[in-house]
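Structures incoming, each one as structure tokens.
Two complexes are shown next, each including chain A; its partner changes from chain B in the first to chain C in the second.
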Partner chain A sequence: MSNQSVVVIGGGPAGLRAATTVAELGERVTLIEQRSFLGGTPIAENYASLTPHLHSAEESIGAIVTRLQGLPGVEILTETEVQSLQGEAGDFTVSVSGPGGNRDIAAGAIVVATGFQHFDPGRETQMYGYYEYPDVVALQDLEAMIKDGNIVRPSNGETPKRICFIQCVGSRDRQIGNEYCSKVCCGVASKEAIEVREAIPDSEVFIFYIDMRMYGYWESQIYWPAQEKHHVQYVKGIVTEILRKEDKLLVRGEDTTMGRPMEVMMDMVVLSVGMEPSAGTRKIAGVLGINQNKYGFIDVANPPLDTVSTSRDGIFAAGAALGPADLEDCSSSGGMAAARAVALMRRAVAAG
Partner chain B sequence: MPVAGRKQPPVAVEKEEAVVTSTISGREWELPGMWNRMFEPRVLRDYGSKGFAEVIKHPGAESLEWCYGCAKCVPVCPVDVVGEYGPRKIHRKVQTGMDLFSSPDLWLCTTCANCLRVCPKEVNMVNIMPAAREVAVGEGKVPNELQDVFEKTFRYGNALGENPRRRHAWTKDAGVPVRVLPSDPSPVDVLFYVEDYWSYHPRGKQAAQAFARIATAAGLDFAILGPEEKTLGDSQRLAGEKGLFESLMEDVAATLSKYDFTRIVTPDPHGFNALKKHYPRYGHTYEVEHYTQTLAPLVDKLSFPKAIDKKVTFHDPCYLGRHNGEYDAPRTLLAAIPGLDLVEMGRCKQNGYCCGGGGGGMWLDGFTANYTNERLSERRVREAAETGAEILAVCCPYEVSRFEDAAKSTGNEHLKVVDIVELLDYAMGGPSSIGAAVGS
Partner chain C sequence: MGTATATDPYRKVQDVAGFADVPLKEKQRLVDQVVADPRFEEYLYGCYECGICVAACPSARFYDFSPRRVAQAAARRDVELMYQQMQEDIWECSQCFSCLRCPRGNNPGGIITVMREVAVNNGLASAREALEGYSRIIYKIMSTGTQVSPDMLQPDAFPDWGPEVADVSEHLELWRRALPPETHHTTKTGWAVAEKTLIELYLIWLETGALDMINQVDEGLHMILEEVMEERLEEEGIEV
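This part shows the complex of A and B:
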């Protein structure tokens, strides 16, 4: 073991997997997290359960945190941010600032796992009224309600009986600039729809969509059960207008199957917001001097078969910092980035 | 406006006619209402899961809700081609408040199973339709012409309302002896289950006679039930009269239990389907063959002194092909006939186009005409004519009358509709009832 460590930046699912893997490979690892707690967005945004298996987010992520804390050679720095980077692959110096002041860390390699943030539907405020109408919420708002076991209309505290999800809010949109599909929202919306139907058995739950993108096993793990077992109503055609109608919301769109205009009253509307690079991801790219793609995510240097190398040798990226990713993607790329980082560091040590 | 939880769904008022009084003459004019509805797309408002809940609680109808709207069913649905109806549209209409049990859509499906063949979600109209129709039948919401057939079937044991004692009248002119089991109940190999249209329809009787001659020539030991035969009732079942089907089945099973036979051979793919798939569910299991399956292995034993130098196309019956997987036996028989040139239609075998007769459609032509721009049989006949064929060969008793009518109404009288059994009989030198069609 050298006196260097692998520095992992970001303590969400990808960073936790990366740090755990480095430690399991027998090298030292320093995990840097700007928040005061580990777990990343799923914990910070109060996810109730993880897609697609509906296991508790706190328990699932808590298990990997506990595993990491129990491994030798692990240092975890919370409320800490990276200030600057010197050196080169195999011999980096990472300057960080945290509760104990500033310090330098000798790093053989770096893994960036700074993640994503939810698209702010206020940017489409005319369309959906996210900030105007209390009963228009986003996926993570409903997640928090599900976690609390208290799904209510924010406007009046009543139990909603008609709830709809609107897909592709902030994704697949040239005007917004997010031309990509955010990959997880179809599955997450269907998962939340199942949870709403279970919590409020007499509710009617609708999902308005352009096309349901339930890739791989999610099709039969979430989509089909939501429709066939939980009676979630899927309607092809996106809502483009929400109007206040007395104390309800009138959603208007087109039923593209029937080729007719559609107007439906809802108690609550859930916007299936997509993924954007987090503020941390945007910032760290500048600090470390690595390229971003046109959407602000970290650029992959050698696609498609090398999924974790960045434009700077010795720096790898993982998880949703690379672009829209589900938890399985995050865990896979976290492990991959860790393996590549350890391999690079060992080569550097061997070369002296 | 509807208000969730305590809403009054808006009811679209659609007047079929309006009476307008002239301000000049005082005269009243009747105006049909449909023209002005065409200008305004009606807004869909009443979405919900309650419509599905009403339908899927009936066993067999569960899969209606599974549709995810891919639309694969639409291009292959024979009814969609000629009208507004479509399998996936039923899903959306029920989702938007349509009462399926009162809707004309309930009666347009012919249960041809072509949508099920392509459906990734296995939405099974072949099960959904009879289950939903059973509810409508129970509520007395049945088109009159279908109700009439139910009553005839109930009273006479056949869909045509014919005298049961005349079931075997066709045997007189068969030219070969045909054993009738009630008169001679000794054991027999083949129980020839003639079914309704070969027993009573003029062209069907000729086909039955042709079969008797071929079976005799092939050395088959066969007999019929004669006056004791009742329809197997599969189309009545699919049209929603499960009770009638079950009562027929008990009668049929009781009759069959009296006699000693090896296998049942029937010309009717619908009856074949009932015996093969549905009778066993009630504990009545028989060895059953469609007549083409019985004759196909025997063609080498038969001699065909006469050629049929004609271009022939073949229509796959839905209930022989798609429902029961038999595509080869009819073609083996056609290939055995000297001179015959078989040309396939674009839609054939697994993708065969329905004649419109299945699932009760045989008895709903008047009703269906109100919702389609042409009959399925007419559509099919035009496809057959486009191949350049002179003969449209069939092997389902429903089809001869359906396609003959359609050939006339579409101006394709030159296309002769002939059962395969009649073609075989002619080629074997039988007394020709179809000489005009096949003679050179």
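This part shows the complex of A and C:
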């Protein structure tokens, strides 16, 4: 074990996997998390279950945390933020501030896993009225209701019988500037649709989409069961606006494959908000002096086969800090970044 | 859309394919019958709305007909649209089942089979109209157990069949006797049907409700067939 640590910044799924992997490879690791708890956005945003397997988020992520805590050479600093960085690859000094004051950490390499945040639907260019209509909610709002086992219309506490999801809110939109697909929303919306149909068997659930992006096994794990077993209705056509009609919501769009305009009443509308770089990701890029792409995510320096190198030698990135990513992506790049960081640190030690 | 008539100048009564509109409750009843059919579940999984069935469909090239729309309407349980399709679209399908190439394993043609049966069983106007031209053939099949018979051949029916048709028609019995299988030495039926087979067919048509279906679309034809069958079955000492 070298005297230096790998510093992992961010305690979500990617950071947890990175830190665990460093420790499993026999090196010291310091995990820095600005929140008071580990688990990242799935835990902070009250995700009930994970896509696509519908396992409990708390249990699945809790298992990695427990594993990490039990490994030698692991230091976990919560409520801690990185203030500055000195040195170079193999010999960094990371200055952090936390509950115990400021301190410097000697780091051979760094893994940035500062993640994403949900797109703020107040910024959408359509007229969905997220901040205007209580019954217009976002994916994570419904997720919290599912976790509580209490899916109700926020306006009156009644059980919603007609619910629709609107896909690509804040994604694939030149007007907004987020030209990318956020990758996970089709799966997450379909997963939540299944959970709603299970919780409210006499409900009707619709998903309005541009095109469904259920790549790989998500097709048969999520999409087909949602349609075939749970009778979720997928309608190709994006809603342009939502209007309040008495105590319901009138949803206007086009049913494109049927070739007709569509105006339907809903009890609740769920906006499938996409991913944007978290505030932490934007900030850390400046602190560490690494490049961001035009959307603010950490830039991959050497694509496509090197998925974790940043513009600065010795600093790797993983997870949704790099751009929209599902949990499998996050775990994979977390492990990859850890392996690359450990390899670099050992080379530096060997070179003296 | 319906046609304007003297009694319905603004097409208020008619709405679907020229047929009178019915209350939503009645449409729902018909759709429920379609969905309740035991075949329905394996004829329709989920629809990508990809259109491969339309691309494969011969009817779609000649009519404003789309097996995709049939599958979609059924998947969405769109009662109004399914009713409209039962009055119109489903009769434009040739039941060739080219649509079976669906990547999801759907069978739009099969859904149409079920919808047609429901349309016939409930005596929908479209079913009567669609089957109108077939009463002679239905009569032939159900009363004799064979299809088109040689004596239905008209000398001038198919000029493109050539001049021999007139001669064959004139000496039909002789020509039929020239055929090697003895069972084909018939003129009033397509082939010889054993008495026992005919009795079994009558019983099948009675028991399966096929005769009741005929009653829904053509009462006159049903009356004739019922008489023929009952008489034959009584001769055999079978109580109906």
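Observations
Here, the second predicted complex is superposed on the first by the 350 of 352 C-alpha atoms of A that agree within 3 Å, B and C clash if a C-alpha of one lies under 4 Å from a C-alpha of the other, contacts with A are read in each partner's own complex, and residues count from 1 in each chain.
The working rule: contacts are C-beta pairs under 8 Å (C-beta built on N, C-alpha and C of every residue); 3 or more make two chains touch, one makes a residue touch a chain.
Keep in mind the model is a prediction, meaning the values are calculated, not measured.
In the model built by aligning both structures on chain A, chain B clashes with chain C.
When the two complexes are overlaid on their common chain A, residue A:266 makes contact with chain B while staying clear of chain C. Touching more residues of chain A than its counterpart among chain B and chain C is B. In the superposition on chain A, A:118 makes contact with neither chain B nor chain C. When the two complexes are overlaid on their common chain A, residue A:245 makes contact with chain B while staying clear of chain C. When the shared chain is aligned, no partner comes close enough to touch A:340: not chain B, not chain C. Within the superposed three-chain model, A:233 lies in touch with chain B and with chain C [touch as defined at top].
Of the two partner chains placed by superposition, A:153 touches none, neither chain B nor chain C. Of the two partner chains placed around the shared chain by superposition, neither chain B nor chain C is touched by A:213.
In the superposition on chain A, A:312 contacts neither chain B nor chain C. With both structures placed on the common chain, the touch criterion links A:161 to chain B but leaves chain C unconnected. Of all the stretches 73-81, 307-315 or 325-333 given for chain B, the clashing one with respect to chain C is 73-81. Comparing the two interfaces of chain A, the one with chain B and the one with chain C have residues 223-224, 227-228, 233-234, 236, 257-258 in common.
Only residues 223-224, 227-228, 233-234, 236, 257-258 of chain A touch chain C when the two sit together in their complex.
Touching chain B in their complex are the following residues of chain A: 161-162, 204, 206, 212, 223-224, 227-228, 231, 233-236, 245-246, 248, 250, 255, 257-267.
Taken in their complex, chain C has these residues touching chain A: 45-47, 49, 68-69, 72, 75-76, 104. Residues of chain B that touch chain A in their complex: 1-5, 7, 41-45, 47-49, 52-53, 65-66, 68-69, 88-89, 92-93, 95-96, 121.
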